[in-house]
Structures are given as C-alpha cells and as structure tokens.
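One chain, chain A, links the two complexes that follow: it is found with chain B in the first and with chain C in the second.
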Partner chain A sequence: MLGVIFFYVFAAAVVVGAFAMVFTKNLVHAALFMAGTFLMIAFLYILMGADYVGAVQILVYVGAISILFVFGIMLTKRDRIEDSNRFNRYGPAATVVAILLFASIVITTLGAAIRNAPAPTGDSTIQTIANIFLSDYVLAFEFAGILLLSALVGAIVIGQGQLKRTTKLRPAAGGGVQGGGGALGGGAGVGLGQSTKGGDK
Partner chain B sequence: MVGFLTTIFNWAQGILGLPATSLADALPWWDILWAFIYFVGAVILLIINVIMLIWIERRAAGFFQERVGPNRVGPLGLLQTVNDTIKLLGKEWIMPAAADKLIYLIAPLLIVTISVTMYGLLPYGPGITPVTLNVGILFFLAISSVNTLSVLMAGWGSNNKYSLLGGMRTVAQIISYEIPMALSIIGIVMITGSLDLGTIASSQAHVWNVFIQPVAFVIFVISALAELTKSPFDMTEAEQEFVAGYHTEYSGIRFTLFFMGEYANLFSMSALGVVLFFGGANGPFLPPWVWFIGKTYVFILFMLWIRWTFLRIRVDKMMKFNWKVLIPISLANLLLTGVGIKIWQAATGAIKW
Partner chain C sequence: MIGLAHYLVLAAILFCVGLLGAIAKKNAIAVFMGVELMLNSVNLNLVAFNRFLHPEFLGGQAFAIFVIVVAAAEVSVGLAIILALYRRKANTSVDDIDLLKW
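So, the complex of A and B:
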C-alpha cells in the first residue's frame, strides 16, 4: 500500500526530471536534473528490493558521473550559460532516436524472458549477485576490469601529454564566473591529481 | 524501543480489558508512524549534536591553543552556541543579484537532508537502528558522495569566482579521497563477510577491528578528515586563497544550515569509524547506545586533536599524497588482508588445501 504510493511519487519524479533535463536551456540545470532523476531511479530500485543496485546507482551515477559532467560543463569555454544545452538543436534526430530506444526498451521488458524471471530469494541480494559474478559470468567480469584498467592507463597517458604542452594559463574572462570557464584555467578531467588543478600549476 | 512500546501497549490492553492484538494490527499507519518517529529522532539528535559539537570544538581549540575559549554564557559557556544560533537566525538573508536562484536556495537544504539520511543508517545499538539495509555501508558511502553535489551547487549558484573555485576544489578533494576510504573499508567487509553496519559492529564483540586492521584505520582517519574538509585538508575554506569557499555568499539561516551540515557530518563520519573499528555499541555494564555515543565523542575529540595540531597542506601536495601514497598503501593492505584471511581459514581448518 505504502510502497505503491511511494512508487508513483518516485516514478512521477523520474519522468518530470527526465523531461526537465531534456527541455531546459541551461546545461548546468540539465545536469542537476539528470542527477535528481538518477537519484529517484535509485529509490525505485530500493523500493523494488534491489538495494544493492540502488546503492550502486547512487554511488556511480549521482556521486560521480553527474559531478564529472558538471566539471565538463564548467571547463568548456562558452560565452553565455543560457542556451548552452547544444543538444536542444537536434530535435528531429533526437526524437527518432528516443522513440526507437523507448520502443526497444518496452519490447525487451514486455518480453517473456524478463517477466518470467524468478524473483531473487533470501534476504541478501549481494550474495546472489556475487555468486553469479564469480561463477557464470566470471569471464565478462574480468574483461570489464581489464577494460577499466586500460581506460585508466590511457587517461593518465593523455593527461600527461597535455600537462607538458599547456603550461600557460588562459586570461580570465571578465564579469561573473558563469560568463566563461576561462577563469578556471586549462585543466581537463577530474580523475587524476594534477590535471584537476590546472589553475594551480 | 519497539519492544518497550509493545510491552506498554500489551499492559494497557490488559488494564482496559480489550482483546489482545498486536500493535501493528491496532494501528494501520504503524510503519509511517515509526518512520516519522525515527525521522524526528534523527533530526533532534542532529540538532543537539551540532550544538554540543560546536561548543566542544571551540573549547577544545581553546585548550589546544592555551586559551580559554567561550566560557561566559551559561555554565562553562554551554549556552554560547545557542546564543550564536539565535543570532544567526535573526540575521538578514542576503542573496547575490546574479545568483542562480533555485540552485542557490536548494544547496543548503540538500546538505542537511543528506546528513539526516546518514543519521538514519547508523546502528545506535541492537534494536535501535532506524533503517537496516543489508548494503548499509555501501549506501552510507553513496549518500555521503551526494554531498559533493550540494557543495558544487552552492559554489555554482552563488555566481562568485571564489565560491566556484572553493566548490570545485571540494569536489576534487572529496571524490579523490573517497577511493582510499572505500578501499580501507573493503578489508573490514572481507573479514566480516557483511555490508550491514549492525553486523559489522556486533562481529567485533571480542576483538576490535582497529587491532586487526591498523593500516586501514590510519587510512580511514586521513580520508575521513579529507572527506569532512577539516584541517589539515580544509582547502575549501582557505581564507587566504578564497574568502570562505563555497559558502562565501551565504548568510543568516542558510549559512547556519551549511554549518549544521558540516558538524552533523563530523558526527556521522566518526560514528562510522566507531562502527567499523571500535566495535560499535558493544560494551559492558552501560546500555549500548551510551557506549555508542560515548565512543563516537571520543573519536570526534581525536579528530579535533588532529585538526588543531596540523597545518593546512598545499592543494597539489594533498592530491599527490592521495594518489601516490594513500591509494597504493590501501591496495597493498587489501592484498595482505586477502592473503591473511586465507591463511587464517587454512589454520583454523575452515578451508582445505
């Protein structure tokens, strides 16, 4: 009873947040709406008993990706933050892609394989997930690890190359901070130590 | 707590001569009522804690710096914080004209919301854990990582160069130091075999984890200080560099909310340390929650001791220290822990070669 009420509240928040993210003109607002949507989706997962997925959703998407995204926006050089959501321009193409994606999701979720899948048994979802990860899907699990490691090494190599080339600071743009990201210096990427603090170098 | 109320309820039923029913059947909105009670409890605990912590911090700072500290209002200056809070609430609200209004207004609310959520996850003792999740520790870390978002929102919403720089610095710092913190916690999770905070606390009935995982404890304390943006990692409010960091443009009650969030997080992070390394609510003679709160306050005093002893380190050195020292050490600690667990299991006959 209570769960149903909460489900509709969160589901409505997800839909509203997603639409607001797409239609807002301001890129920072769009990123924040996206973070809110991710948070609400995490609550939906927890409501459905998938608490591990919910916690990871918050940890990975809300905690890290939104922040990386906001960093990216702030470090891009734009004159005005209004109309900075450049994806607003690709209306027709985006509509087609969105409809196709939505149709494929609906077809997949209404398919028999997912609907007839047994609900997880027992209290702990973690043990079930761990058993599956380290037995049936151990190869995919290890491949994902190697992929992430190579991405990490690649990011370090690219970051170091940039560090040698760009030592000079860009002149700061006048006025408020939202006027231009130039005031923040030329650092790129959040992950790796010095490159984050481009302005201090 | 629930058991206590049930006893009272059954006793009242006996007196009134009603047919015996369970409490949950008698009250249809039982779950909501409990959620509400726990929520109010968490908020009250948060407010009392913040008031106490600010007083303790100022007195401790006075002690460490060989001065007196606030001692005029009330006995030992205990009412000084109440006084200051009333003063702050009465101050004018000033909002920069060019602020991104909605973001500027939501940021302080978000920070307090996150703190209350974190208070709801802590095991104050057997039977008084507001929310028991079997992924408790993961959810705790996840919620605390949302803190970065509110700091960034405050920095961006103020539309002030120094605020934004402070906010960005905080985010870089918190995201970086989350990694060694999580790695130091994984070792304990491997030993306990559970992510539930209550189980982790009760598994230390005989030996505290701080004796099994001393390296992880040191890493945890360092990264907790960095997560809380406390000195020697208080780069976010380095007055010489940018006025007060992300909350430069906040005044009155909104500034109070940021202040509250900061001290509330000091308590919840110390409580997490107590749960992970000092046996949570375990202890003889006294009720469990007294042990929990007492241990947490000792841990807080330890953090304050560090805070008022060390100097602020430079921002690039802080980053270098994290990526080149803390993370390699915590990874090595994780490897050692894994090998150690296997050797222990072989020695006690839990696994066969």
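So, the complex of A and C:
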C-alpha cells in the first residue's frame, strides 16, 4: 500500500518536472527541473528494487550530467537568460506528433496481456549485477570503458579552443616583424621560431 | 497494485515530452535535454520490464547501466561540440547550424 502511494507521488513529480523542463522559459531553470526529474526517476528505480541503478542514476545523471548542462548553459552566453528556452517554428507539429505517439503507445500497452511477476526479495542487486558484468557482458563492459576513454579524449579535443596565439600572427605594420617577434618572445628559441614563421607570412 | 502498465505509461509520457523538447526547441542545449529525457524513459522501461517480467535475471538493469554510460559519453562530446559551435558562430540555435548543409 505504501508502495502505491510512493509510486504515484514520484510519478506525479516526474511528470510535473518533465513538463516544467520543456515549457519553462529560462534555460537554467530547465536544467534544474531536469535534475529534479532525474532524481525522482532514481527514486522510482529504488522503488522497483533496482537500488544499484538508482544509485548510478543519482551519481551520473543528477550529479554529473545536470551540472554539465548548467556549465554548458553558462559558457554559451546569450542576450537574455529569461527568454532563452523558446520553441522553434515546429512547435505545433511536434505537439501533434508527441500526442499521437503517446496515444499509440498507451493503446498498445493497455491492450497487451501482461502477467506481473511477484516482487523479488529485498536483497541488494549489486552482487548479481557485478556477476553479470564480469561474466555474460564482459565484452560490452570492456567496450564501455573504451567508449568512455574515447569520449573523454574527444570532448577535450573538440572542446579546447584555438590555442592562444602569440604575437607572431599580429599583422606587421612596416618591417618590424623579425625584430618584434624576437623581442616579444620570452625565450631565445621560441623567439627565433616565431620570427621565422612570421617572416614567412 | 502497481504493475508494469503503470510504469510503461509513465515512461511513455516521459518519452513524448522529451520528444517534444527534442524536436521543437530552438536552443541546442534544450534539444540535448529532451534527448536525455527520452533516454531516461527508455531506462525506466528497461528496469520495469526487468522487475515485472524476469526479476530473477538482472540483464535489464545491466542494460540500463550501459545506456547510462553511453548517455554520459554522448553528453560530454555533444556539449563540447555545442561549445565549439558557439565559439565559431556565437549562438547555439539549431536553426543556424547548417555548416554541413548542401
């Protein structure tokens, strides 16, 4: 009985958070609503007995991805943050598509004959999941590690800006290229390289 | 009693709201948020199917964790791409990102 009440409370919070995320005007508020929605979904996982998935959801989604989104919003400044989460011109069409998709999913779901299994025992799932990861899905587990490594390297490579240029590309007025490069570069070797590159320009 | 159908309908709501955000938003970061919502609804489906159909084998939960891993990788690279685009074009509206348009 308590599980039923908890389910409806968390489900209502999830739905409200999702709608607020899409329909709020402020992008930062949308990111925070998204974090709240993910937190409520984690509670639903725990309610289903999937405690490890719930913990991972809180750690990864609420702790990392939401904050990463906030960073992304803060690093891409725009004119007015209060009006930063607008719809494009496909809003009405997308609403129709979403409603039709929802109707078809619900009709299919309610028409299916589902036999619910009894509730599992309340043991922790960590041991079982660890056994699955290191026996049945060990190849996928290793590939997930490789994927994370490549995503790390890719994010650094894509996200780094142009490396800060020194004075060598400053358009030289008159003939002061070599002297200027040599004087402004700190070390002798660096200054020499800059001056020769500047001379090519 | 709460059954599988409840969770499926909840996940359907989440997926459709996320789809609405992913299609109809102007800002690329908001589009990403919609995609994240859709991934979460799929995760909810996976865990619910696991719990209500085969609670003795936790393959669904393992798959949900793989989905979380891929989503984390996708978000990090995607936000890096958005930052690079912002540096290049000084806005993040998906209507203006047409570098690859023929």
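Points worth noting:
Quick note on the criterion: the second predicted complex is superposed on the first by the 118 of 201 C-alpha atoms of A that agree within 3 Å, B and C clash if a C-alpha of one lies under 4 Å from a C-alpha of the other, contacts with A are read in each partner's own complex, and residues count from 1 in each chain.
Heads up, the rule we're going with is that a contact is a pair of C-beta atoms (placed from the backbone, for glycine too) under 8 Å apart; a residue touches a chain by one contact, two chains touch by 3 or more.
Note that the structure is predicted; figures quoted are calculated from it, not measured.
In the superposition on chain A, contact of A:Ile99 is made with chain C only, not with chain B.
After overlaying the two complexes on the shared chain, residue contacts for A:Val28 are found with chain B alone; chain C is out of touch.
By the document's definition of touching, both partners, chain B and chain C, reach A:Tyr52.
In the superposition on chain A, contact of A:Leu2 is made with chain B only, not with chain C. Contacts of A:Ile126 after superposition: chain B is touched, whereas chain C is not reached. Look at A:Thr109: by the touch rule set out above, it reaches chain C but stays clear of chain B. Of the two partner chains placed around the shared chain by superposition, chain C is the only one that A:Leu148 touches, whereas chain B remains out of contact.
Set against each other, chain B and chain C differ in how many residues of chain A they touch, and the higher count belongs to C.
Comparing the two complexes, residues 52, 56, 64, 71, 125 of chain A contact chain B in one case and chain C in the other. Looking at the complex, you find that chain A touches chain C at residues 3-4, 7, 11, 14-15, 18-19, 21-22, 27, 30-31, 34, 37-38, 41, 44-45, 48-50, 52-53, 56-57, 60-61, 64-65, 68-69, 71-73, 75-76, 78, 84-88, 90-91, 93-95, 97-99, 101-102, 105-106, 109-110, 112, 114, 116-120, 125, 128-129, 132-133, 136-137, 140, 144, 147-148, 150-152, 154-156, 158-159, 161-162.
Residues of chain C that touch chain A in their complex: 1-10, 12-21, 23-27, 29-30, 32-34, 36-37, 40, 43-44, 47-48, 50-56, 58-59, 61-62, 64-66, 68-77, 79-84, 86-87, 91-92, 94-95.
By the touch criterion given at the top, residues 31-32, 98, 100, 103, 133-135, 138-139, 141-143, 145-146, 148-149, 152-153, 156, 159-161, 163-165, 168-169, 171-172, 175-176, 178, 195, 315-316, 319-320, 322-324 of chain B touch chain A in their complex.
Across the complex, chain A meets chain B through its residues 2, 28-29, 32, 35, 39, 51-52, 54-56, 58-59, 62-64, 66-67, 70-71, 74, 123-126, 176-178, 183-184, 190, 192-194, 196-197, 199-201.
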